[in-house]
Every structure is written in structure tokens, then in C-alpha cells.
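Okay, structure first, notes after.
A, B, C, D, E and F are the chain letters, set down in written order, and residue numbers restart from 1 in every chain.
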Amino acid sequence: MTEILASAGAAAMANLLAPAVLFFGLGAFAGWAKSDLNIPDQVAKTLALYLMLCIGFKGGVEARASGLSAELISAGGLGLALSFLAPFAAYAALRALSKLDRLTAAATAAHYGSVSVVTFAAGSEYLRSMGVEFGGYMAAVLAMMETPAILAALIIAGARAREAGTRFKPELFREVMLNGAAVVLIGSFVIGVITGERGMARLDVFVGPLFQGALCLFLLDMGLVASRRLAEASRLSAGLVGFAMGWPLLSGIVALLGASALGLSEGDATLMAVLAASASYIAAPAAMRVALPKADAGVYLSLALGITFPFNLLIGIPIYHALARVLVG
Amino acid sequence: MTEILASAGAAAMANLLAPAVLFFGLGAFAGWAKSDLNIPDQVAKTLALYLMLCIGFKGGVEARASGLSAELISAGGLGLALSFLAPFAAYAALRALSKLDRLTAAATAAHYGSVSVVTFAAGSEYLRSMGVEFGGYMAAVLAMMETPAILAALIIAGARAREAGTRFKPELFREVMLNGAAVVLIGSFVIGVITGERGMARLDVFVGPLFQGALCLFLLDMGLVASRRLAEASRLSAGLVGFAMGWPLLSGIVALLGASALGLSEGDATLMAVLAASASYIAAPAAMRVALPKADAGVYLSLALGITFPFNLLIGIPIYHALARVLVG
Amino acid sequence: MTEILASAGAAAMANLLAPAVLFFGLGAFAGWAKSDLNIPDQVAKTLALYLMLCIGFKGGVEARASGLSAELISAGGLGLALSFLAPFAAYAALRALSKLDRLTAAATAAHYGSVSVVTFAAGSEYLRSMGVEFGGYMAAVLAMMETPAILAALIIAGARAREAGTRFKPELFREVMLNGAAVVLIGSFVIGVITGERGMARLDVFVGPLFQGALCLFLLDMGLVASRRLAEASRLSAGLVGFAMGWPLLSGIVALLGASALGLSEGDATLMAVLAASASYIAAPAAMRVALPKADAGVYLSLALGITFPFNLLIGIPIYHALARVLVG
Amino acid sequence: MLVPRKKLEIFVEAHAVSPVEGMLAQAGFKGWSVLAGAEGAGAHGAWRHTGVDERGLYLVVAIGSDEASEAALAWLSDYFKSYPGIVAVSDVAVMRAERF
Amino acid sequence: MLVPRKKLEIFVEAHAVSPVEGMLAQAGFKGWSVLAGAEGAGAHGAWRHTGVDERGLYLVVAIGSDEASEAALAWLSDYFKSYPGIVAVSDVAVMRAERF
Amino acid sequence: MLVPRKKLEIFVEAHAVSPVEGMLAQAGFKGWSVLAGAEGAGAHGAWRHTGVDERGLYLVVAIGSDEASEAALAWLSDYFKSYPGIVAVSDVAVMRAERF
């Protein structure tokens, strides 16, 4: 046990010194110091799509190599359940811990049920750096977990949602199911499955060594965005801040227990915890802007991007992995 | 013969499953499903320039290695002739097959006489994947074929052109001869010729493995644009749609016969057919907007991008290659 | 001696035929010919940041490998001194050689005391192509030399500065010390020092082979910008044009003498001369726009970008290296 | 040569651009132009076009007849009950009356 | 402190921006600003700034005297006979009259 | 339904956007929008948003009351003594008076 703790501590330290994490820190510093540094928006958007493409494609190629096995079904089922149920628990917790109005609480719950692709990418890189294997199908699980939480939040918001958005219903459906990021993620996964090693032979540099660098650049930008959000977070209550750090831990542990019950591998269990612990910052905000426009975007973005994202990136990921080794490994 | 047909069928199938083609399909699907996916315009524009740079540079390096031989002169002469003469035939065909007004028919003819760089890139990748060699100077032929068709279309449009654009003549000339894409293509070819292997040693990753990935990203975007254009194509008559698919085939065959007469290699002949069959979507539209503003851009872009481009990408290229093997190989 | 001259001549020739320099020439040609070629601004900005990231990171990794030695201190001290003192000399020269008003002369002096990152990048690539080694800490020297000249120029402008900018003082300080480019350069250097070889193993493709290509693309854009600036330079007096070409030579020689006195290596001395000879086109203009808005930006940008940058890129760098071999090697 | 028309300047979120365009066509506008915003602030807080968490506001400019303008304003007044954004109306003069 | 001037808002295709700027200078405008459009629609159909097939429209804003405005309108009215685009004129007030 | 307000269109350099926004808030504006320019020209010469040497001008649009507008104009008239840029004031009509 002490051994595990010590090695977990060392791993957490090493994580903080990974280039990608340091670039996040650099961005956060620049944002905090009010530097005029910024990654132009069109480039940042393309980087986000590119990360999706790589994650999906690599996942698809690996999934084909290992076969779309029973593990995908059990991991996928767990992911779907977590993503759909989490918002109900998160909503209850938010209402108990803070004075958020119903709609803002529901919208925030959607963010925590849904997932963050960059957190997933950082988690994968962490595992890779530790030499821990994980299944390519986890990219598919990631894709599956984007949407259910959003539907759950709409159920929670209930009648209120109707009042606001009748005219925009079809747009909303499109927005949620067919948002660009999701299409690229799922589509690239499918392309990876179809082309397999043959496709990988052509794209290995593009989705491999280049990915590491692009992730650094993107995290630099995320650091800027997160620190600006954190600056606005000062008006958040202690309860909300507590939620933004406590929820990932709890949610990660629940995911680990589920993964352990289903017999997932150490790597898969860690990524499942990372997904459960992460909060969406692309799909969920876009959907909430359309579906629950009366919810306060300042609250959910500050929590998801300003607190939970850095928390997971800096210390959450090594913790989930350490716990996974105890529970699963 | 049956053997060739069977292997051609297999090759066509394999083409449809190439990553780049699948990414095009993904983009087309996203566009059709009205997803909000889009590649930001500044990035798309840079990708287009980057593809030009790679094609030109690689072509130049290879041309230097193999010497700027007699083949360049014969292939270049054929390309120039095809590009200049095609608009006259295309114009006649368009007027016979549809009710297009003179100016729109002339502008459309310009597009079909000129060439598409991405179709060329896809054709080269196809040949590479089949292990078929082709000459680096084909990049120079590509560059030569961009402009003549535009001049031919202006001759066809005749008096009308004068009426519209007197004030803008100098701009037009610049627009056509010095459009950014052409400058990068030709300039990179020259740089490739000058620096040869020494330059390639420094840029091999940049113009090699990266190119494959960038082509996927660009084709994703082309899929979006093409499917939007196709959606607008509903108002096109059957005659026009027939032209957009029949012309490339005919034009490709004419090019193959010419290539065969000149004794070009299988790979060069295939690319010559690809060039003849392809329709411009950068140089020609830009020139037509200035020179023939009364022509209906909706028509020529829908045909070139919505029908002919996917047609060539998905089935044209393997057909031209199969025919080249019969006629030349 | 004749031998050295001959080999210097050959090296200068080879420099003109390096791909990056040729792409600069291509851009300059396109700009001169009024082609509509342009690299979209968001992409150009990102390329600039990316170059900073690579230069900083690679420098940091190398500096860690070789230890942050006495050389850094002596080279850094020399750099700081040159950057701070140069504006005083440059100001005096400008006032003697031209009829520039005080503020424009001071602002121009700031540009020549500060440094150009792309010139540094081109200098490093030149040395690499010649097989000459240099210290990674030169990236840190580069970073140190960005700011002092700006402060010196403010001292020179004296009372005038006060009158203009009282309200904007804090912005100015931020602008100068925390401009995005500087933050990325220094931050990446620190990240390189922290992660060392371990980080390099993950980012080698991103900061290595990709860098060469990105530099070509960026120099293509610099060629466009420079030739537009040069076109405006026609209104510059002979004195100013003489300054823009004479100053780099003089300043480079002074830097070489200093480097030789401090016993720097041939490569380090060359880069020191390149830094001293180069004129800023990012940090200095941004700071001068805020601090000395009455200075004529047309003058300092035309000189720095239209004349001095091409001068250094095309012939300055090989000259500084040839002199370094004589003085130091 | 010049005829008076109304100009609407509508600031809305990305997801509303396409519905707003549809509405304008129905309200009788024969044309419009959309520009991307960089940043801004209003009753719903500040925003910035970062490409990451936020999608920013767009400016839709539409010039048309008084009737078209009024129809659009009615729709927008309803829309703004739920969603962020503003609209400003002003007088402009245009050539080629039949185009607006 | 404020003086009345005319503001032209000119939407034109990319290839026309530079000729329009030249024309403005000749018409007597001492300044102008150009913004890139994102998408739009008009008599010549819909367009979008994609970076691939289309180059989009640009908005040229120019503030100047009545005479300058009229000279520009004359040029534009001729230009729009052939090319897509529109112009809208409105009244604005500016400081520093000598600048416009 | 519509109430009259003033619209300011302020063209300033990148470094001034943030100070101008702060000033607008203090002058009483409850909102504003910023758009990036592409190129332009004025008394300080021509510029272009290239991403390399130049950072371009931004257009800040702010709609508010007469008092807010006057306070902003006073600040700007001082600002423009040193820095490039212009401001144009015009009349617009808006809905939801309490928002402006």
C-alpha cells in the first residue's frame, strides 16, 4: 500500500512535468498575467477538430485490430449509463450545495454528465507515458458519452425547456447529435475501423507524433481560456467550487467500481474514470445555449473549464490511475 | 480482358476505402445531415495553398532527378492543347444539352477546360497506392493547364466580355495568371527543381507524411462544400447533370488517346486523363467572377464541385487508370 | 584568406538556394507582381507562435543537456548590453543620416536594438546546414534581447513619451514584457529545460522536421509582407536606406568583436551577430504603437521589414558567419 | 436615385444565424449579410470568439422595406425573450429600389 | 464638436475591394475600413466564406463629405450594373471635421 | 416598441480595444460588440491584418443613451489626440429600452 502511494505520488509529479501539462500551465500563467497571447479562434477550432480526428481514427484502427469485442459492449453500456444517470445526481448535489436556479443547475449537470475530449486525450497520453495499455474502443465509449447527459438535463429541466425553445427544437436535435466535433470523432472512428492498418500506414505521422505537438498547442490555449474562466469564478460560492472538485473524484470512483465489476483492464478502467470525471466544454455548452438559454453560461463554463478541467489534468488523472491499480490492476 | 475488368473493379473498391476518400464521404454526410461541422475558412485556404506547395515541390524535385525531358514537352503540349480546346467542345455540348445562356455556358466551359488540383492530388495518391510510377513534371503540366481554358472561355464569350469588364482588365489578367494558388504551385515546382534532393532532405516530412493527413482534412472540407453544392444542384436539368458526368469520361478518354499517341507512361497517361476530366474550382471561378459576372456562379460551381468532383474522386480515377492500362500499359 | 573568401562566397550562394530563402523570394515576387496570394492572418500569427515555441523548446532542451553554463551568462550579458545600448547609437545615426523627427527616430532605434525571431531561425538553419554547432541557450539570449531596446527607446524619447501615454502605462508594460510571442518563447524554453530529452522524445517531429516546413511557409508570407513594405520604401531617403543596410553590418561586427572577447564559439558568435544585426518586427512595433503613437509606423516597418530583414536573410547571415570564422573560429 | 429603406443590425449567437436568415427571407428581405464578431458584452455577460468554449456572436445586417423590417422586429422581439442578442434599426438610402 | 458626414456601407466581392479603395481615394475620402463577411444572400444567390470555392463578400465602410459620397455613388451605380453588391448611405456625426 | 438611442462606431487599434471597453462600461453602456477589421486607410496611412507585422484595427459598436454617448465621445476625443482611429455617431432605434 505505501509502495503504491509512493509510486502514485511519483507518477503525479511526473504528470505535472509532462510537456503538455506544462504548456497548459504556460497558457494559464499568460492568461493570469493578462498577456495578449492568444491562439486565433479559427486555429483553435481546427486543433479541436484535429484532436477528435486523431482520437477517433486511432481508436478505430486499434478497435479493428483487437476486434469489436465484448469489452466494447460492457464499457459502452457502463459509459452510457454513467452519462445518462450522472446529471440526476449532479443536479441534486448542485441544488443542495448551492443556490443555483433550476435551469442553471440542470445545464451544469449536463456538462458533468457529458465528457471532455481533451481530458480524455491527456488521460490517454498519461497512460501511454506510463506504459499502460488500453482499448481503442474507448474512443467509441467517449463518443457515446457525449449526448445522453444532455438529454437527461433536458428531462430534468422539464417543462421549462418547452417554454423557451419550441421554435428551435429541430436545430437542437441537430446541434446535439450532429455537432461537428461528434461527427468527426465518430466518423474518424468508423474510418479507422474500415481502413485499419492500411489506413494507419498512411496517416501514422499525421495522427501520431504530430498529435503530441498539437495537444501541447491546444492545451496552451486551454490554459488561457481556463484561467480567464477561473478569474470569473471568484463570484462562485464555496459550494460550487467544492462541487467542481469533489464531483470528479466521486464520479471517477463510481466509474472505477463499475469498471472493476465488469472486469475492465487497468487502462480501460482509468479512462472510464477520466471520462466520468471530466466535464464537457464543447458539446454541452453548445446544446445548453440553444435548449436552456436562461441558464447562466458564466456558471457552467467557469466550473467546467475554470476548475474541473485543470483539476483533472493536473491531479485527477494520476489519482484515477492510482485508484484503478488498487481496484482493478 | 476479364482479368483487367476484375482487377479494375477491385481497384475501384479499394479506392472507395482509401482514408482520404472516406474522409470526403464523412464531410459529404455531415453536409447532407446539416451538421454544423465546418473547417474554418482561413484554415481551408491555407490547406489548399499547402497542397499546392507540396505538389509543386515534390514534382520539381522529381523532375530534376529525372531530367526535364522530352516527356515534359510532349505532355505539356498535350495538356496545353486539351485545356485550350476543351472549352470550345464543352461550350457546344452545354448549349446542345441545356438551355444555359451563352455567358453561363462559356464560364462553365472554362471550368471544365481548366483543372482541379485536389483531383490531381487524389489521382497521384491513387497511383502511389497502386505502385504505379508517374513523372514529377506532371505537376508542371497541371500548372500549365490552369489558364488556357480561361482565355478560351473569354474568346467564346466574345463581345459580351468587353461590355462587362473594361474597367477591370488589368485585375483580370493578374487574377488569372497570378492567382495565389498558381503562384505557389509553379513557384514551388521551380524551388523543387532548384533545390532537388538537398531541399527534399529538409522538407520530406513536411511534404510527405503530413501531406496525406492534410489531404484527408481538406477532403473532409471538400465533402462539406460539395454536398452543399449538390443540394443546390436539384435545380439543374438532366442535361447538365449528364454533362457533369459524361464530359469527364469523354474528356479523359480523349486525353488517354493523346497520351497513348505520344507514348506517355501508364502513370502519366492516367494523370493526363485525370487532369482533362477534372473541373477547376479555384482559378476558374475567381476569373469568371471578374470577367463574366453575368454568368450564373450557382450553375458552374454546382456542376464542378457538386457533381464532377465527387464523380472523379469516387469512380473516375480508377476508371481512367483501368483504361490507361488497356490503352497504354 | 582567399580560401576563406572563396568558401564564404560559395556559402553565400548556397544560402540563396536554401529552400526557406527561395520561398521568401517566391513571396517577394508574388508581392511585387501584385498576386492575390496571401497567407491568412490567423494562420500567419499561429505560425509565428509556433516558430517561437520550437525555438524556445529546442533551445531549452539543448541548454539542459549542456548545462546552463558560464557561456549563457556571458552571452546573455553581451546580448543585454547590445540590445540596451544599440538604440542610443542607432538614434544618433538616424538623426545624422536623415531628417526623421525625434519620435520616429527613437521608435526606429528600438526596432534595431531589439531582435527578429525569424532572422534568428534562418541563422540557426544556416548554421545547421553548414554543420556548425551552437548553444541552445542562444534562444534564451534571443528572448533577453527583445525588451531592453524598447526601454532604451522610451528613455530616448523622454518627455514626449509621457505626454502621449499616461493613461496607458500599465498596458504598455504588459505589452512589452508579456507580449504573446515573448511569453511563448521564454515559456517554451523553460519547458524545454524542465522536460529535457524526455520531452524532446515526444515532440521531436513537431519541433524538428515540421519546423523546416513551417519556416518555409512563414518566409513565403514574410516575402509578401516585405515586398509590400519595400514598395512603400520608395519614399525613404538614401540616408535611411543606407542605415537599414549599414547598421546590421556594423552592429554585427560589434557583436562579433564582443563575442570574440568573451570567447564564444563560432556558432554562438554568428548567432550573436545575427541577433544584433536583426530588427524586430513583432515586439517593437506593438510596443511603439502604444508608447510612441506619434512616430511614423510606415518608416520603421518599411526599414525593418522591407530592407533589413531581406538584407540579413539573403546576404547578412553568410557574411556574419564568414566574419565569425575569421574573428573567432 | 436614392430611396429610403430600413437597416436592421442584428447581433445573435451562432446557432441563431440560420433561423434568423430564414426569418428574414420570409419577412420580405431580398438580401442580408453576416459578419463574425470578435468579442462583446451585454446583459448575458461577456463573450469572446476563442474557438474553444464559446462560439461568439454574429452580426446580421439586412436592408429592406418598412414592412419587412416590422415583420422581422416582431419575430425578434419574441426571440429575444429567450435568447441573448439585440437589434438596432436605422434609416439608410439605397440605389435600385427594386432590389430591397 | 460633432459635424455631419455621410457613411457609405459597400458590400462587394473580394476582387473589387482594391478597385473600390482606389475609387474612394479619388472620390475624396480620406479614409476607409474593410471588414470580411462570413456569409450572405442577395439577388445573385447565397454565398459563404469557405476558403475553398468562394471568396466571399467584404464590407467597405467609408465616411466622408456629401460630395465624396456622391462621386462614389456614381461610380458604384455603374459598377453594380455588372457586379454583385450593394451600397447603403446614412447620416453620421464625426469629430475632427478636417479628417473627413 | 422602438426607442431612440445613439450608436457609436469606433475604429481603434488592437491595444486600445480593452481600454475602450472599460471606458464604455464606465460611460454607462450596458453592452458592446467588437468586430475585427481586415484592412483600411486613414490619416496614419494604410494597414492590413496580416498576422505578421501589423495587428489591425477593430470596430467597436456600442449602442446607448445620449449621456453615455457623450461621455464616451469626450474620452475618445482625448484619446484620438494621440492614437489613430475614428468614431462615428448615428441614430438608431432599439427595442427593450431598459437594456440600453
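The rule is short, and it goes like this: a contact is a pair of C-beta atoms (placed from the backbone, for glycine too) under 8 Å apart; a residue touches a chain by one contact, two chains touch by 3 or more.
Just so it is clear, the model here is predicted, and its values are computed rather than measured.
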{"item": "Minimum number of chain-to-chain contact steps, chain C to chain D", "value": "2"}
{"item": "Result of counting contacting C-beta pairs for B-C and B-E, higher pair", "value": "B-C"}
{"item": "CA centroid of chain A to CA centroid of chain B, Å", "value": "41"}
{"item": "Whole-Å separation of chain centres (CA-atom averages), chain E against chain F", "value": "19"}
{"item": "Chain F: positions in contact with at least two other chains", "value": "15, 35-36, 51, 90-91"}
{"item": "Interface hub residues of chain A, defined as touching at least two other chains", "value": "36, 38-43, 45-46, 175, 205, 210"}
{"item": "Footprint of chain E on chain F - complex, ascending", "value": "9, 11, 35-43, 57, 59, 73, 76-77, 80, 86-91"}
{"item": "Complex contact set, residues of chain A against chain B", "value": "40-43, 45-46, 49-50, 53, 174-175, 178-180, 183-184, 187-188, 190-191, 194-195, 199, 202-207, 210"}
{"item": "Touching residues (chain side chain D, partner chain E) in the complex", "value": "1-2, 5, 7, 17, 21, 25, 30-36, 58, 61, 63, 90-96, 99"}
{"item": "Complex contacts: residues of chain A adjacent to chain D", "value": "38-48, 164-165, 167-168, 171, 175, 221-222, 224-225, 229, 281-282, 285-286, 289-290, 293-294, 296-298, 301, 305"}
{"item": "List of chain D residues in touch with chain A within their complex", "value": "13, 15, 18-19, 44-45, 49-56, 79, 82-84"}
